[in-house]
Amino acid sequence: GKAGDGPAEPTPDNPFRVVLQTDWFAQPEHGGFYQALEKGYYREAGLDVEILEGGPNAMSVQKVLSRRAHFAMNRADTVMTFAKRDMPVVMVMATLQHDPQGILLHADDPAQTVEDLDGRRVMAVPGLAWIAYVERKYGITLDIIPHDFGMDRFLADPRFIQQCLVTNEPYYMEKHGAEVRVLRLSETGFNPYHGIYCRKDFAEARPDIVQRFVDASIRGWTDFIEGDPAPAFAAIAARNPKMTPGFMAYARDRLVEDRLVTGFPERGEAVGRLDPERMRALRDELHALGILEERTPLASFFTGEFLRRDGERPR
Amino acid sequence: MNFPVTYREYIAWPLIFGAGLIALWYAVKHAFALPAYTLPAPHEVLAALRDERGVLARAAFATAKGSLTGFSAAVGLGFALSLLIAAFRILRIGLYPYVIFMQMVPIIATAAIIVTWLDAGLPSVAAIAFLIGFFPVVASTVAGLHSVPTKQVELFRLYKARPWQELFLLRVPSSLPYFFTGAKIAATLAVIGSVTGEIFAGSTARGGGLGFMILIYKSSVNTPGIFAATLLCCILGFLFVGTVLLLKRMLLRKWHDSLDTDFNPL
Amino acid sequence: MNFPVTYREYIAWPLIFGAGLIALWYAVKHAFALPAYTLPAPHEVLAALRDERGVLARAAFATAKGSLTGFSAAVGLGFALSLLIAAFRILRIGLYPYVIFMQMVPIIATAAIIVTWLDAGLPSVAAIAFLIGFFPVVASTVAGLHSVPTKQVELFRLYKARPWQELFLLRVPSSLPYFFTGAKIAATLAVIGSVTGEIFAGSTARGGGLGFMILIYKSSVNTPGIFAATLLCCILGFLFVGTVLLLKRMLLRKWHDSLDTDFNPL
Amino acid sequence: MMSMTPEIEFCGVSKRFGTGPLVLDGLDLKVAPGEFISVIGPSGCGKTTFLRIAAGLSQPSGGEIRFGTRTDGARPELAFIFQEATLLPWRTVLGNIELPLRLRGERRARRRKTAERLAAEVGLGAAGDFHPRQLSGGMKMRVSLARALSLSPDVLLLDEPFGALDAITRNRLNEDLLALHRREGWSAFFVTHSVTEAVFLADRILVLAAEPARVETIIPVDLPRDRTLALRESDEFHDAVAEATRRMHNILAR
Amino acid sequence: MMSMTPEIEFCGVSKRFGTGPLVLDGLDLKVAPGEFISVIGPSGCGKTTFLRIAAGLSQPSGGEIRFGTRTDGARPELAFIFQEATLLPWRTVLGNIELPLRLRGERRARRRKTAERLAAEVGLGAAGDFHPRQLSGGMKMRVSLARALSLSPDVLLLDEPFGALDAITRNRLNEDLLALHRREGWSAFFVTHSVTEAVFLADRILVLAAEPARVETIIPVDLPRDRTLALRESDEFHDAVAEATRRMHNILAR
């Protein structure tokens, strides 16, 4: 249903209905939201949250723009592109402090660095910013073939290379006996936040709701990473029949060990935190490489309004 | 070609060919030593079907709903549009080119628009299934509405039949053999359309269909699962085609002058 | 309906309707205050077409190659298979169900297999375009081969025509109106098929076609770009349909007994 | 009924298909209301073409046709029996016969009754529920005849309606046709290959020649309008037939 | 040629469509090689059905047909002229006429020559390149006739081939048919509604009645086999016709 208006002063008994559109089928990478949902953090905050799953063609921004979802997920670079196209959306919180994307190779593949991929065929989502980024920054050319979101071709072809999430594909590959290696994109310098965005006018009209959502989500994420993930796992497995306990544990371990959610506190990173300086640096670099045609003002795609400077977790 | 056919043959030959195809399948698998994640063996597919029967049954049901809605809309609206095109010369000359034009818009492009206007889930899925099946119905029916023997049209004009009478009492019955060909094509496309819809515009919160399951199996390298879901797609499609053929038989058997009508169930 | 039509009308009406549709497009855009990223205005699409003309021209060429190959194969092999099915009862009963069955396999499932065997690039793209256009040709042609008037078949049997004579001298010419309907459907599907193929099996190195460009524009949320690529798809498809219609006119005009043949270019 | 039946005038009507030879060349003919014209001539001479032009199904290449004093350009109510029975294969015998009434919006029960009566009249009372593909050639033509009679037309155009019928059926239908003509008073153009039939039915006989197309003659039939089968045994009738045959042979042998 | 023409024997042949009434009921007939049988009877009595059964296009519900002493079960070479000209719309007049030769694998130039000769014989020399939809009804039947004659059949089945033709053309074709029959010696079944024609052509006339289907009679024609149009003016001929007519009326009035 259409995301409509809700009560002015929502309470747990009279909650505000909020729709969150995720970027893929239910998976541990969305764990914090499911945790918040299952443990009633949203409800406590006076929100009645529905999580819509995505997929390879989720078109979440269309849903946010047409007000069929309040919040959706994406990478900071994509949200900058939205701004460039005059889409009135702003990023309000981060889900991942570091980009979990990587390039998956067989362990014995001769390529050791990104430069070695020059001229190689890589299965990826055509048109994503990271492709142009590594091509221009390292002066290489990739032969991109469209990602089919499968792994069978990788398994069948010992020289196959494909885009992956460090939290995801390596698990299945290893389960099928393939030895794999991952070149993390964050090591190439391409390291955008993954975060949540919403319509600008919604953030302006109902900052209270956004604030409640951000706070409850951060609470959920913190609990998912630090506490017992079982409630989220149960909810995810119920929605996505392919989520086995083994896989979910693996993915969460990656999130924890690689500090993808919490970041490194010594660099001022924290759950949910968006650092304006990192945003500006990303934008400038994308602009310098000609990927962003103009230096879109920060305010057009991002607001720190809902995040505490110290990244403290909400009470 | 013209000796009477026993019904037993209609069971026997498909079974023989089916067995042959399955043998071929095993042969290919062994000749190239293909692993299950590239080409699962038939029994592995059946095993997947058994293991996943709960999920797949629900998914098949969801896909059936999407296909049925889309298919009905394609046949109904396609037929209606064909009537309009046949009835109004101006539409035929002026509008029909754009109908063909529309048909050539790739699904991936339409999906974006559809999702903007419709809710994700069943409405979008059905809309895409509809779009895929729509044109074959229109193209076939329009061809049929225009293949009426001259003499019969002249008869109607002599009797000063009103245009709508010419349409409904002459052109429509006369076009039925063509219409059913179009409906048969639409029936085979209905399930494909629904699956494509689920892939491009599916939302999964409301019980994803077989297309959704194929994506899920794909992202967990469950190739036998993909084949099992595919098998269900085919079976579902067969039910649609079967319904169309049954209807055709019932309506045309009495009068359609074709020696083979009786021998050609498909 | 039966007064003579000047050729001028064939130019005028499409232009009038085209203008109407463009007006409607602007009207919808303004009525709902739709921004360019949801629904770009026609002039914005044209601007995108101009800005991207180099890339899009190359892409259109690649897609044209894929479509043409797939379409030719669909028509050629589809026709050949229809002949076999019409000629051999055993194939009709035993094999045809599996042909229909195959047709119902979702592209996403077949694409994976095709790409594994043929590698990404033109061959895979053409193969997918082929698969999409194949069945409409078969279904229509088989229907046509079976819609021969009884009397004519009896005539051939009286003259002890051999089966292949009955096939080539009677059934084939008699089925042409049906065949062309199928070919027309295949022609509209050729470009869609190629675009779908590129989505599953395109490649930048081999000049990814319009489908690939749509994927890229989609990733960078370039809606006018998507529309521009789509427009090219439609124009490309029109050329295919036009060719089929021209051929049909040339072959059938002399003898096909249908009052409207002359008035109905589509 | 007769009030509607107009005078029909053909003024220099000619017809040529594409670049072929002339099929009709400057045909002039004035037909009084209620007149019965038989049309006779060798195969391929243009009889069907003439009827089609009269019915407006084909445009003359030259000349024109006028219907009475009508200035509204409207054609009178026409019924046409095509040379090849043109039945709708999906309609039964009764369904085909009642088609013109259906097109006129007649009510179901009434048109069914009319159709049943007409089916019986042409000897198809027992075949009412057959589909055309179950009928013999002659039966199809009779359905086509019954269909033409189901309306009360102003002008009846009959293109060899009885060619496929046996003598007995044919004679009976000839008589029926004459009785109907007396009662309803339509004008008729009746194509036949039988001089006897032409003489028996017509007020005048239009003889068409094939080549050159320009030659056509009118042979008047000087027999009382009140004709029965008994007339056919009379000397008067035999003389008329012999005379017509002689003149025809003269024309066609030229 | 004549050597191939077999004796044909119908033994208790009967036919019923579905659950309808009997159309043929226990028909017995023995036809000598080269014999010419005319078939006559009211519309819908089963003439076409009889021909179709003779040609093997329809299976009898009872009884059987034997062709000479052949034990190989092979049917002799047949030509059938359907009551409705069955032309292939995409073939020209010549193309339709040469079809049987084409099916036999005759060479292009030869079959074209034969077709041109036959087209001229049936008076269609100038229409060789027309498509069927450009032909008149009678012209179509003549194409159909020429096609049937293009082979040298053993048995010729003609279902009212001349019903749509004018007297002059019809007489000419009657004569041609007789000459051909003398020369080639096929057996013939010839359906017609004209007693005159039946008598003129046949050795024997098979009269079928509609109801009950069981009634059928053979009327022998006692005229010399060597017939020309002149015969038709003779008293002998007129007597034969009168006699046949009388007997027929007796049968059909029963």
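Labels A, B, C, D and E are assigned to the chains in the order they are written; within every chain, residues are numbered from 1.
Here, a contact is a pair of C-beta atoms (placed from the backbone, for glycine too) under 8 Å apart; a residue touches a chain by one contact, two chains touch by 3 or more.
Nothing here was measured: the structure is a model prediction, and the numbers come from that model.
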| item | value |
| --- | --- |
| Required minimum of steps from chain A to chain E, each step between chains that touch | 2 |
| Distance-maximising chain from chain D - centres being C-alpha averages | A |
| Centre distance in Å when chain B and chain C are each reduced to the mean of their C-alpha atoms | 16 |
| Interchain centroid distance [CA atoms averaged], chain A/chain B, Å | 38 |
| Chain C-chain D separation of Cα centroids, rounded to whole Å | 49 |
| Residues of chain D whose C-beta touches two or more other chains | 84, 133 |
| Contacts with two or more other chains, residues of chain B listed in rising order | 38, 108, 112, 116, 149-150, 154, 157, 199, 215, 218, 256-257 |
| Touching two or more other chains - residue numbers and ranges from chain A | 62, 65-66, 148, 150, 152, 156 |
| Interchain contacts, given as pairs of chains that touch | A-B, A-C, B-C, B-D, C-E, D-E |
| Interface residues, chain D side, partner chain B - complex | 55, 57, 78-80, 82, 84, 86, 88-90, 99-100, 102-104, 131-133, 151 |
| Complex contacts: residues of chain B adjacent to chain A | 35, 37-38, 52, 55, 108, 111-112, 115-117, 119-120, 199-205, 212, 215-223 |
| Parts of chain A lying in touch with chain B, wherever the complex brings them together | 1, 25, 50-53, 55-59, 62-63, 65-66, 68, 148-152, 155-156, 172, 175-176, 239-242, 247 |
| For the chain C and chain B complex, residues of the former touching the latter | 1-2, 5, 9-10, 13-14, 16-18, 21, 38-39, 89-90, 92-98, 100-101, 103-109, 112-113, 116, 135-136, 139-140, 142-143, 146-150, 153-154, 157, 163, 166, 177-178, 180-181, 184-185, 188, 191-192, 195-196, 199, 210-211, 214-215, 218, 223, 226-227, 229-230, 233-234, 236-238, 241, 256-261, 263-264, 266 |
| Chain D-touching residues of chain E, taken from the complex the two chains share | 17, 40-44, 47-49, 83-84, 123, 127, 134-139, 142, 159-160, 163-170, 193-195, 249, 252 |
